[in-house]
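Chain nomenclature is as follows: A, B and C, assigned in order of appearance, with residue numbering initiated at 1 for each chain independently.
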Amino acid sequence: MRGSGARNPRFESPYAASALAAASLAAAGSAAAAFLPFFVLRPNRIAQGRSIALVQAEPWILAALMVLWAAFLFLELRSSRRGAAIVSVSIVALALAATGLAAPRLAGVSHVARLSLGSGFWLLGLAAYASFVVASRGVGGSPESRRAWSFASSLALVIVLGLLLASGSLDSLSIVREWGAQRAVFAAQMRRHVALTAAAVIAGGLLGLSIGGAASRGKTAKSTGFLALNFFQTIPSLALFGLLILPLAALANRFPLLRSWGIGGIGVAPALIALSLYAALPIARNACAGLEGVPPAALDAGRGMGMGKAQLFLRVELPLALPVVVAGFRTATVQAIGNVAIAALIGAGGMGVFIFQGLGQFAMDMVLMGTLPVVAMALAADAAFGSLARALTPRGLRIAAIRAGDAP
Amino acid sequence: MIRFEGVGRSFGEVWAVRTLDLAIAERELCVLVGPSGAGKSTILRMINRLVEPSEGRVTLDGKELRSIDPDTLRRGIGYVIQGVGLFPHLTVSANVSVVPELLGWARARVSARAREMLELVGLDPDRYGPRYPSQLSGGEAQRVGVARALASDPPILLMDEPFSAVDPVNRLRLQQEFLSIQRRLRKTVVFVTHDVDEAIRLADRIAVLRSGSLVQYDAPEALLDAPADAFIAGFLGSDRALKRLSRRAIRDWMRPARKASVDEDLAGLLCGEDPGYWWVVDGSGRLLGCLDRALAGCSEDPRRIIAAQRIEDMAVDLDTSLKDALSAMLGSSARTIPVVDGAFRLVGEIALDDIERASDRAQSR
Amino acid sequence: MQAKLVTISAFLFLSLAATISAQGASAPVVVGSKIDTEGTLLGKMIVRLLSASDIPVTDKVGFGTTDLVRKAIAAKELDLYVEYTGNGAFFFQGTDPTVWKDERLGYETVKRLDLQNNGIVWLTPAPANNTWAIAVRKDLADKEKLVSLDDFARYVVRGGAVKLAASEEFISSAAALPAFQAAYGFKLSDDQLLSFSGGNTALTEQAASQGTNGVNFAMAYGTDGSLAALGLVVLADTKAVQPIYEPTPIVRKEVLDRYPSIAPVLDPLFKGLDLVTLQGLNARVAVEGESPDAVAESYLKDKGLLK
């Protein structure tokens, strides 16, 4: 190991740091797989569970995992980053395969028994994900190739998961059984969740863009606009939903036309109003910042050259502000995905239905069935908007950012 | 002809400009100079209607500015500002092409013009054209700013402290290059600065402003000779005589040089009857060194003397101002220094006496 | 320009809300329920039964807490949901507390008061008392011979190890724990109690079953299906301290007038839901993980109420 003997501080730091990270992750990952409960078997949905270690369930796979962790550490220390990254992806794939093999055997016999994934599985997965991140940071090449590389790895994992699910080997898992019992409802609520998020971001976007645009032009507009939005942001979502019930109900009673459109005190309408108000703030903030970030000298020169107000906006302000505005939408969308989960409590539907029903029945796997899709959606939305922001950044700005030392 | 008639501009209670009567002739470089808050930028921006007068009127060739559509007006006026204001998301070529594109020129014409303008300001279009503003230095960026302003060949150019944000070395170069561009193009230029030296160096006429009013409007020599009041005298500085010299170029005041060729018998010169000095040149006329009987004895080797000299430090070129020539003389403790052309060929010499003559001449006027 | 933007966004907003929401035809009956297992189950049964009888129904089953659901029906957002007779004590202040301990009297009182004050009609109740109870770990019950709350009181006074997991409501409401304590003559100190906010018996029963934090007693509801599966038994309320909570469908009068067949359709369903049946159905959802809708459908078909 280069770092251990040399006294040269320039080499010692970065190499030793990543070696330490790799070693800790390998140790944590192996310990999690070996010692923590990998599965938890319950005789029925709500009774207490019995832990099952991986060494009991699939000893050969445990051995294979140990070998893979050792391989990961070895490759990392030799700085073959790509190899290390591939190994970390394989670790996750193997853990999933272990589940696929063990589940039918452990819980397949009884249709009442419930097999859940224990802390060992989750920590192993976390360690593997962290290892992947550490390894791919070091992979050389342009930022585009690095992004393609992470995308390819995520895709590989999704395919593995998909194959396992399709083959039915994961069917005995508690979370899959929960899903099986509610398939149609799950699909409907998923659609509802996406629709609510989209509607909230669109409506909030329109509101936020108007307020942000006005704010960048005038001080009074700025202070009142943000005062209002900040005020709503401080109200916890559930409270805001509750507050909207009475006025909306009164309104719907006064104008029956609204009720026939499905607008009333409970359900989608109050949820959508509150969600849009929450989404409006990050969008307004970013719209204002984006427009204010346009160099004033450029605007002065533009006007002085004879560009009309509309032309100046379309040709100069908009392209320069766009990346920041898109970042605002990114934040708003990720937030909205989370907020929609709470909207289930006033009857708006969405994944929150499973979260709260699960909580009410103390069935943690149902809660998980509601939570994992929300997390996955949030991650996907974040990545998608990230790519969009990059695509919409004018080349001149990208170069300026690189020169300023910001990560591309 | 740009004319301000009784123009005033207030911002709330404060009057930035007050009863201004000013006529800027065509093809003249008029510099608006004065301390901060004198209203210079405000007046400049009234010409392209970025600021509207609160009272009075501004006319262009007889037509009131108020009657011309602002955007149309501005497309016919070049505008260069201190912060340059290049569009960061466009390449240098695209930046330069903005106004011609606004005017609807054909694409081929636009790109040809962009190349031409970049060459005019001393930037290689192939190297600089595809670059982005963030990749330019301050001086390069302002050159692009000037190129952009001149792209549509406007008759009028407005410049608001364009070189103030550039470092002093580059500032001087930019001023000289701009002067030569202006000599070629002969635009009507209105130039704002707070730097007196810059004003004197560039202007055909200088308008001295103070607290929104015009105090004196004259050619630089007249201004230096006869400042209207103590304020202006103070503003011009106590070195007015030297400043006068900065308007004079060596080419007008130099004398023929005492030459000696390197192939001559230089040793013989040192021992001969003539007790003076010679400038030694090679076959093509390039200056190599100086032989001075006052400093070198008969027995010394002329070639060794010349080899040991740093003649580059002593020589000045034709366009150097008398002020800078005087500075070079003081620096090399010589009463006369050689004048060379672009290829370092000796074309004459300039002596302290010549500078005194130039200074005297100005005084007697 | 600003005004245009506002109108466009308003229009877009409304149309979006419209497209997402259910497209109701001629004023359907909006059926809701509380978000717990039993509420969802009964709600789904009602939805299926009414739809089969050609009454248009909008399914808003399982969406909120008691509070929210009550607010909703008052605001005419909901038309029908299942409420408990004993809750009349909370909805209507100043009633004689003993009234609620009698099955017949409690029902009649709440029926009268709700119709008078809120225009809400209480239909046929189910003969299952889903009242508050205290459950104990079976192993402990066997060991200490705990069968009724009398035994429990003696055990407490004796100084036996007690940790009761209960909701805040249960602990502080005069009709709940304090009533038990007064009637049976025991008093639980603060460190013998583990309180949760929100009346979630699933949580408390889990705690007792797993022995978390030393919990060995849990607040429970009479019809909870998970008791047996979790190894818990209910302590008998021999002194009948608790009010009677029978699940009853309640509906707004205008809606009932519009669809009078609602009453005869739901009557046979609720008459047949006794304590044991309800416990069993709840168990299928909570313990075996069947979806409430599936359980509802199979039960209705078994009983011949649905073809």
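Couple of notes before you dig in:
Methods note: a residue touches a chain if its C-beta (ideal position, glycine included) is under 8 Å from a C-beta of that chain, and two chains touch if they have at least 3 such contacts.
In this text the structure is predicted, and so the values were computed from the model without any measurement.
With centres computed from CA atoms alone, A is the chain lying nearest the middle of all the protein shown.
Looking at contact counts per chain pair, the maximum sits at A-C.
Per-chain CA centroids place chain B at a distance of 91 Å from chain C.
Averaging C-alpha coordinates per chain places the centre of chain A 60 Å away from that of chain B. Centre-to-centre, using mean CA coordinates, chain A is 36 Å away from chain C.
Across the complex, chain A meets chain C through its residues 44-48, 111-112, 114, 177-178, 181-182, 185, 192, 195-196, 199, 202-203, 206-207, 210, 214, 242, 245-246, 249-250, 252-253, 260-269, 272, 276, 344-347, 353, 356-357, 359-363. Residue ranges on chain B touching chain A, taken from their complex, read 48, 50, 70-77, 79, 81-91, 98-99, 102, 132-135, 145, 148-149, 158. Within the complex, the chain C residues that touch chain A are 2, 5-6, 8-9, 12-14, 16-18, 20-24, 32, 35-37, 40, 60, 62-65, 68, 71-72, 75-78, 200, 202-203, 205-206, 209-210, 226, 229-231, 285-291, 293-294. Partner chain B is touched in their complex by these residues of chain A: 295-308, 311, 316, 319-320, 394-397, 399-400, 403.
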